[in-house]
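The structure under discussion is supplied below as structure tokens; questions concerning it will follow.
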């Protein structure tokens, strides 16, 4: 299966080609080349998936890890070296499919959405770069390769968020996204350093082999501040994941990242990059489970809190992309929770499977949501709900596909979200009831805010639009991806996921836990119903309720002031209390002491000028006195 | 009995008296006169050492002899220069010869 | 001569010399100063006589007293305007100078006092015999060890240079 | 009387002959032939200089008063080269309206002082050393007052003669005690009887005071700047290089030959002298506005470096010191060549006169630049090597602390040397800036020699090896 | 004839030719020809070196030649290279080459290039020699031209900056000189040759205790070691483009190289004993430089402080004293040299057009000069350690290597040093965001031209080098790493 490397290399070549000579091509040509290239990738990815799952992947009862391609890129020591290679196992193959599919859809969609933008070629080049990085990330054979591509996706994300580089808010958002994730990556890096120091390897296979035996044995009881070093290492690695996957409190960059073009949000900030953190934990799951179960618990709690937190914020947001962004945070938190509550092996590893399953389905319906939102924005040239309403009449395809996606995310049977979310809830139900109830509540909130979104956009009175800006259905380049993704959103839940993906790579059987399912269905339907009551028609009720909620509403609207907290940390603490004092110290103390030396020299030069008085008799006095002093010193000392 | 240290004491005192004059006199010529005292003192030293401690050779005495000659030459040159300075500066006040300083 | 008389004479001479030195450097008149110097130099010649260096004493009197002091007198006449008083310096300078020479005398005496060896073997008694002129001549003109032809010659060259230099500097220059 | 003694005094005799020839030429030359006097002097002296490089016999003469060895011959050659360079620089000054009558005197007096310096180098007896030193200083006072039309020059003459006379008195005072302590003035005999007793130390200190005057070591240095500023530039050059070189050689011989056994004492003195000399010289140099004064303080601090080499008290120290003087000759005289060219052209000696010199006279500027770089110890100029060898010599005596202090001082010295560079290259010229001019051929030859010296002496290692191979103890 | 000598002879030849000419065209062609020859020579050297190394994997240095120079003092002129010096020579050639193009339109070009060649003689000479005496000589040769290059062709407070830079570096070299003399004498004053001192002689530990700090500090000043780094911001800010490039790109590397080659290599015992002091200082450098860069508003100051941080990392890694970290240190030197040169080239380009370096007065340059801006972004990304560019490889090697040391002290320091990557991101992105993105601040900027062809050569050349190193680090790392073995063995033998 050596050709699988092509999946990674093709986008890179596309990036080089488009980046270097793209400017000389016509925009359409460049876009087409990018799209075709991505299409090739997608075809290859499907082939690989097919071949893996139905041909070569299963050895005996379990899914094997195939490394068709690997080479040493940079050798640190004899044991530690960065390899670049391709690792095929169920989750990476699954990710290949997800990424190429969504990416292809976004490529196609962008042909229409981005039409006429300056920098169209650059846009495609960057998309290719992102695809390359993301693909490289998921097929990483070792943790350092993952780190490399981890950084690369960060940069591509940065460039794409800041695509409209003349817009200050976009620039600020891109900067924020990069720096926050970079901060998280610092943890990741230190985690890798600690881990590799003890295990002497970066290789995933070696790390996870035999119930992560290498990790559990090599750490040998080192502790730091009361926690074992393994816990520290893995917690730090999770910090990296949390940054990319926008877990509280590192989530602040994601809503701002919506400044980027909408297709980019769909691809990077909904479907692929943001789940890298989940993927990372999943990749190292045995290590977490055996070496640092505490961290898993922490992940579960962080996830649960983030899910609730983001959902509460999503309720009050009026920018449709921000609603989606918080919804994304919330859904990714679901995946994290699933991993956190999971155990290892067989049915105990249900959470692991559920997490991957949700990742899979979420990718499609969330991409669909974003693309649909993009379609709307394309039509009304605004992100604000208040500028929308009644669009179902103008944009039927968008309306239907959006509704499908909303049903999916709300977890309505038989849409894909139902199945994956149900598995997560089931996994939580058995292990952490408190978390289960939280998630259950969040499911209701999810249904509510998604449908609030839906109704606000497509219903909500019969708003009229001026002739000039009359909304219209999007061109086919945008509609087709919507439809395709809608199909995925409907049916992807039917895949028997446990057959393919499990914590120990052994297929197992799952069934729908109807008790949990019914609970979640009830709450979801309730949510939808409430949303329908409030937002189907234009009314003042929401405002009244908001009025009643008072502080809570404002807090939610202001995203619980997390931006301000971080702003305070960076602006005040880092800038004012660290950097400025250092600057002052550097100029006045360090530099001042150097200049002070010069000053002292000059001063002493002036101070002794009196010696050179011009008076011969003084010279003589000095002469003889000097001689005498020397004589005295030498004679008597 | 006249001892060596008598000579040495006299010459030392004269030496420093001369130095004192050198430092405190205001006229260049007076300074030069003080200098003569200094040199004279040193020559006494040589002669006395020679006679008392190493009378078999005449090194000290000849040193004193040459010293006298050199002193004479020195005085001559110095006076010439002082006269020259007098022409330029208008007097022989040593304090006036301090245009260059710092 | 009686050693005691000798000692008394020597003491008088020495004291006179020191006193005259002090006068030479304190008197306000330059001419007087030169005169005191002359007396000091003659006293010094006396000291040389005590040491039995008659030749040296003769040179001292003829060169110093005869030559140098005359030079001084001429120079004084050339450079001193009438009734030009030599104003004393400010007091501070005297103080510093005095401190310094006290210090210097102290150091020197202390050094002499510390070197006991000088005091132990200075009882050498020297007779009245004079240095023969022949010996002096040979020493001055010889090329062996303890003979000083070369310094003598060099001295003459130096004197030449000093003469040339002195004339060059002291002669009145054509006005430009 | 044995005249074969004079055979050992080849260079001295040659010098006397040159003096006599010049003397008569000066007397008998009239208006028409007067213009040949300068070239004749240069040629005669060049011949003498070249002749100095011919092999010479070694040995003692006049019963050990005078000693000549390959080392002394080399030292005299170095002094010759320096003097020749000074002569080359003085062409325009000597042919100026004021000075044209007194060319002959200048050469004769200078050469006689040079003779004095020869004798300082070759002296093997303190009396000879003293007479040599007086021969070298007294006529120099006349030279300092040579510019009779300038008040400054007269003042310089007064200062120089008074302090030099006092210095010689102080030195004599010291010598008298040395004589008293050891009973002889012959180096060879003294080294046998020298004892570490108070009288000897006292004498040594006063002797050092006298030589320190010539070397302008702190605290015996105060006359330096005033005299350098006031004296004619060529005389300043002569004072700062030749006179200093001769004093160094005399000092090193006296210390090495006579006081070898009490090296701890004088090394201590030299240590402190060197540190304060360099530091004070540097501190003063920093804020000088007159270039001659500036170079006076620079040369004071250079004298401190020389001491660093002497402190080693071994053959390496001797070699390094001599080499240092050689390097210093070329470096410092290159600067004075430029100064005198500028001064003779514009009559200005302020550093500000050099502002923007690069724009008008790039070649002069480059010479000056090489010179200050060499003085500051920047490779590949010879100054770098000479400084390094001095330090190596000091290190061979374990004087690391001294090296450290001195090296730190080089940073200060670099500061003020760079001020010259700053003025010449970077500063904008003043309104009355020095215009573009062509210096006379003699000065240019001189500068060329200096530049070749600065660049070649360091890189061609043979010179150091040659100095190192010379023996200096007969 | 040793091939290494060509590195010195070519610039000397260039100086000679420059003296003879006055026309701008000839000057340029001489410089381009010479710089190209040097670049070609470096490439040839790399190839020859690799071939020789394959034949003789044991010898510590290759292409060794020695000429006795000052025989009485046992001073020889000895040249020789190992993988590290070859890498540094390559770096120097690249930067000299690109620097020529970056200073295409200098006034007083002849003088400028004369000094420029002299500077490069110093740099090349330093890297090819392996005896302390010649090293020191070339070190000083490299320092002095800086004064005039900054003083004459600089901008702003150039006189002050030039003086400060020269004096501080010379102050450093004062320590160095004492150290070198100390090494020579305490090892028995037999030779200045590094290899012989290292292999045959021994410096007693009580002397190492003072020589090691002296030499390390001496070289450290040039490597912008805290708290002796203040020459760097002022110096760089005032220097003309090519000089900044050469200075930050190569000259500062002399410091790291020297610490490594002299201080650590010759005095392993003292390095073990006293390394921690400097480790703390370098640790401070790394973070401190980065934090300082965050609040600067002058582009060159930002870059200068960033250099403090990056060069601090070099010394930091050297002091970690294991093979990986040291390899990383050398790679960081290469990487920092390239990217900081690129930065300065671009800053010069921007400054030449906008006449300001204040980031508050610029904006939206991406639209006005896309080529330069993209290059700037690439430089920034290299600086903040984007994989695929040189910075990442170097930093990761350093961090992984440093982390291989046991003990809380070094581990904690490594973690602190790691933090710099975040701060780096902050100031890089802040700068990029301010000057390249956003709306155009100044209307006059709208008509500015993008990079000219010669500037493009210079930037593209550097970017290619950065990318090459970022994509193919193992070749570089291996060459360097093999040359570190002897040093590691000496350190381990303690």
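Letters A, B, C, D and E mark the chains in the order given here, with residues in each chain numbered from 1 onward.
Everything below uses one rule, namely that a residue touches a chain if its C-beta (ideal position, glycine included) is under 8 Å from a C-beta of that chain, and two chains touch if they have at least 3 such contacts.
No experiment lies behind these values; they were computed from the predicted model shown.
Undergrad: On the document's contact criterion, could you list the chains that touch chain A and likewise touch chain E?
TA: Joint contacts, listed by label: D.
Undergrad: Out of curiosity, which chains are bumping into both chain A and chain B?
TA: C, D
Undergrad: Using each chain's Cα centroid, which is most distant from the centroid of chain A?
TA: Farthest by centroid: C.
Undergrad: Which chains, taken as a pair, are joined by the highest number of C-beta contacts?
TA: Chain pair with the maximum contact count: B-C.
Undergrad: Can you name the chain whose C-alpha mean lies closest to the mean of all the C-alpha atoms?
TA: E
Undergrad: Please work out the Cα centroid separation of chain A and chain D, and write it as a whole number of Å.
TA: 77
Undergrad: Please work out the Cα centroid separation of chain A and chain C, and write it as a whole number of Å.
TA: 102
Undergrad: Roughly how far is chain C from chain D, going centre to centre by Cα mean, in whole Å?
TA: 31
Undergrad: So the centre of each chain is just the mean of its C-alpha atoms; given that, what is the distance between chain B and chain C in Å?
TA: Result: the chain centres lie 6 Å from each other.
Undergrad: Would you give the residues of chain B that are in contact with at least 2 other chains, written as numbers and ranges?
TA: Residue numbers touching two or more other chains: 15, 18-19, 22-24, 31-32, 43, 50, 53, 57, 59, 62, 66, 70, 73-74, 77, 80-82, 84, 87, 94, 97-101.
Undergrad: At which residue positions does chain E touch at least two other chains?
TA: 167
Undergrad: Indicate the residues of chain C shared as contacts by at least two other chains.
TA: Within chain C, the residues that touch at least two other chains are 93, 96-97, 100, 104, 107-108, 111-112, 114, 118, 146, 148, 151, 155, 158, 162, 165-166, 169.
Undergrad: Show me, using the given definition of touch, all chain pairs that touch one another.
TA: Here the touching chain pairs work out to A-B, A-C, A-D, A-E, B-C, B-D, C-D, D-E.
Undergrad: What residues of chain E sit close enough to touch chain A in their complex?
TA: Counting only chain E, the residues touching chain A are 164, 167-168, 226-227, 229-231, 234, 288, 291-292, 294-296, 323-324, 364, 366-367, 381, 384-388, 392-393, 396-397, 399-401, 403-404, 414-415, 418-419, 421-422, 425-426, 429-430, 433, 436-439, 473-474, 477-478, 481.
Undergrad: Spell out the residues on chain C that touch chain A in their complex, using ranges where they run on.
TA: Within the complex, chain C touches chain A at residues 93, 96-97, 100, 103-104, 107, 110-111, 114.
Undergrad: Taking the touch rule as given, give the residues of chain B at its contact with chain C in the complex, in rising order.
TA: Per the stated touch rule, the residues are 1-10, 12-21, 23-27, 29-30, 32-34, 36-37, 40, 43-44, 47-48, 50-53, 55, 57-59, 61-62, 64-66, 68-77, 79-84, 86-87, 91-92.
Undergrad: Which part of chain D faces chain B closely enough to touch in the complex?
TA: 127, 130-131, 134, 138-139, 141-142, 145, 148, 150-152, 154-159, 161-162, 165-166, 168-169, 172-173, 175-177, 179-180, 183-185, 225-226, 229-230, 293
Undergrad: Going by the contact rule at the top, pick out the chain A residues touching chain E in the complex.
TA: Per the stated touch rule, the residues are 72-77, 80, 82, 144, 148-149, 151-152, 155, 158, 162, 165-168, 170-172, 174-175, 178-179, 182-183, 185-186, 189-190, 193-194, 196-197, 574-575, 578-580, 582-583, 586, 590-591, 593-594, 598.
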